[in-house]
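By written order: A, B and C. Residues from 1 in each chain.
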């Protein structure tokens, strides 16, 4: 009886007993949701255009952030380092397309997926080889990200919003808008959607698959860089991020592999859900439940709706 | 020249479907077994036995486990590390409750626990496929990792949070713990691995193995041929997790001596997956080759610069190892998706017809 | 449960079957029967719902309306696995072989339902398990001889040319020793010689083993030669049903195939 009370009643009593704290928890959840959504967005870009499930997106985030910090530490001005890092991500995109994707055209999805796991390990090794394995501080102030925080009085308590988190949300929103514009209004965007629909048909009207792939990997690289800066500013730049980035997978399960709005909604559900669960229910189970909550939610969700939130029911043909 | 099957006629279906239908292969495997059972224990020093051979065999067994699931049944899993952990913790608990029972028996029993957990997390595979399944195995991985830390009962509420292997006996010998000699431990591991590999090869060439491969190659057609996806997939999950669980228990009891949750983290899952990919999806022989490769490459990387008198830090070597493994994975997937095992097969085919290019 | 059906009696009866995907109706109120021992053809232009019809028969698609009576047992739908246990085997329009397995293993896979040795015996591959495997191997070798594919026994099917893949697929279905064999365009993409071979096999299977066959085929001359009765579908509706002579004289069929001025 007491267990039932602890599970079903007490958390809600706590929530409504201290609404200011609840607001704070929700805000924290929203911010981490934004970051999950950004990583998922990188996955979606590549999956849409090439059907490749890019496991390396997480390490690309780390790699981009490390490159930025590394270049800055060589004595470059922050903005020059930023531009150069974008260049490095472009280079990475072109090399991945040339050396990996192009060679694996028409292979089964699972082979391509495993190739991106290989890429992940290669990038981990390369990143640690060049920059060393120890965590680093993101150059947030140098890039002009605001510090400090804003305090609001709510429900008789104080809600603290870090300016940096607000900036993260704004930057993420701008990024999504820019990508949306790019993919729905420009010529390259149209070509990309054509490729996403049908490779063969796209080829037959003269769209270069290789070029499109390089472009989406580059776009995913820029998203990774933005994610890396924002995440690094919140904590620090380290390879531990790589494991956290795996949480983008459950986000994709919820949102669907091809939907940008899905990635955002999925990110929010996971971000908010895991914070609420950790704070209000985690104590019952000894804490630390954040590490698996996202996956278990995705697993349960899969059992009831295998096609994702926005996906259509799959009709199998034979 | 010497590797010819000319003149070796099969007069029964039995002879035709034996594991090694060619005489030279039978001789080869016999030689390998003699080396493994006689030469290595006699000639190998303690370092070679306990730091190279024992882990190699244990990883090979784990790779066979994952290969059954991924290579033969086509269900990709990133939860191998955690399933190994289930085996290890189960064995630890079993030996706590039954200290006098032969430890080898307990290790095999602990496989049933991981088989059960594996089936549980394999249930979603009935409705979902491919990438989606990765997430459910990751759910298993992270949930179990969490449980290994938070559920104190699993490690007998030790302050260290680690499981430490007590001294246990079997067959009148000390098999585990600090006073067990490397040779004894090696022999036990070898016997278990050889026996379980033999069982795996039997399963694979029979009806059950075929139904796994049918699911892998075309699940819809498999069902129309009378394979029940529920049975085929869950049995693959069960057998696979049994193997990985036993490998996990052996890893702690015969090799590491003590383990924390880090030994069973997602990186362990990845490294077993790499053994399977490099060795060859759907090949038992490949599981051994992949395990040897992934386990011995870092050792070689350490030895080669040393022998040239170049001093490279351990961390740097590890980074280089990561890069090489990552690049090799991509290389193999591009050039030979069936891994080392296929290269070996091609070499044998060439040998069969040598010195002529075609038969 | 299911009753014994003698040659010439109705083995499978479809009544008023309708199937739709979302808003698209693939099959509209179609009914016909298949008698034991006959070769029954389903023909029609592209998109007529022929393959969907086979999918309904072996339980891969579940129709929204209508009933199916197989061996005297009514059912609304069934799982493909159940259809297989009831003795329905099939081949596919786009070859659905197990690409990673050899020809021999592919055909052995047809014996899955006939093998019963349990897990423990399989583990040891000894005694009963091995004897069982060998018995079935022998049956499979008969099929291999019959279809003249002994030389490709050990070849992975992915490496075989298309015509041979079709033949291996037929072999796999035959290895199931089914009561009702569904063939989905068994001769698509074959040259004349291969078609003649395939026709011969189909006739022999029907004659010698008395196997009931339902087939979809585009080559009208082959269909006219092979089949006892033909059902014609167009846009998911049945437009004719009868002997080859009756069907070829039917005005609706001629219109459907040649087009008609509206």
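The rule is short, and it goes like this: contacts are C-beta pairs under 8 Å (C-beta built on N, C-alpha and C of every residue); 3 or more make two chains touch, one makes a residue touch a chain.
Just so it is clear, the model here is predicted, and its values are computed rather than measured.
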>> Closest chain to the overall C-alpha centroid, by per-chain C-alpha centroid: which is it?
In response: B
> Which one of the chains is farthest from chain B, going by Cα centres?
Replying inline: C
> Approximately how many whole Å separate the CA-defined centres of chain B and chain C?
Replying inline: 41
>> For chain A versus chain C, what separation do you get between their C-alpha means, in angstrom?
In response: 48
> Per the centroid of Cα atoms for each chain, what is the distance between chain A and chain B, given in Å?
Replying inline: 33
> Which residue numbers or ranges of chain B touch two or more of the other chains?
Replying inline: 220-221
>> Counting only residues that touch at least two other chains, what does the list for chain C look like?
In response: 60, 92, 96
> What residues in chain A touch two or more of the other chains?
Replying inline: 316, 318
> Can you name the residues of chain A that touch chain B in the complex?
Replying inline: 53, 99-100, 103-104, 107, 109-111, 113-115, 117-126, 128-129, 133, 243, 246, 249-250, 253, 257, 285-289, 291-292, 295-296, 298-299, 302-303, 306, 316, 318
> Contact residues on chain B for chain A in the complex?
Replying inline: 74, 76, 124, 127-128, 130-132, 134-136, 138-139, 141-143, 145-146, 149-151, 220-221, 266, 270, 273-274, 277, 315-316, 318-330, 333-334, 337
>> Help me check something: in the complex, which residues belonging to chain B touch chain C?
In response: 12-14, 17, 199, 202-203, 205-208, 210-211, 213-214, 216-218, 220-229, 235, 282
> For chain C, which residues are in contact with chain B within the complex?
Replying inline: 58, 60, 79-81, 83-85, 89-90, 92, 96-101, 105, 108-113, 115, 117, 119, 122-125, 129-130, 133-134, 137-138, 141, 172, 176
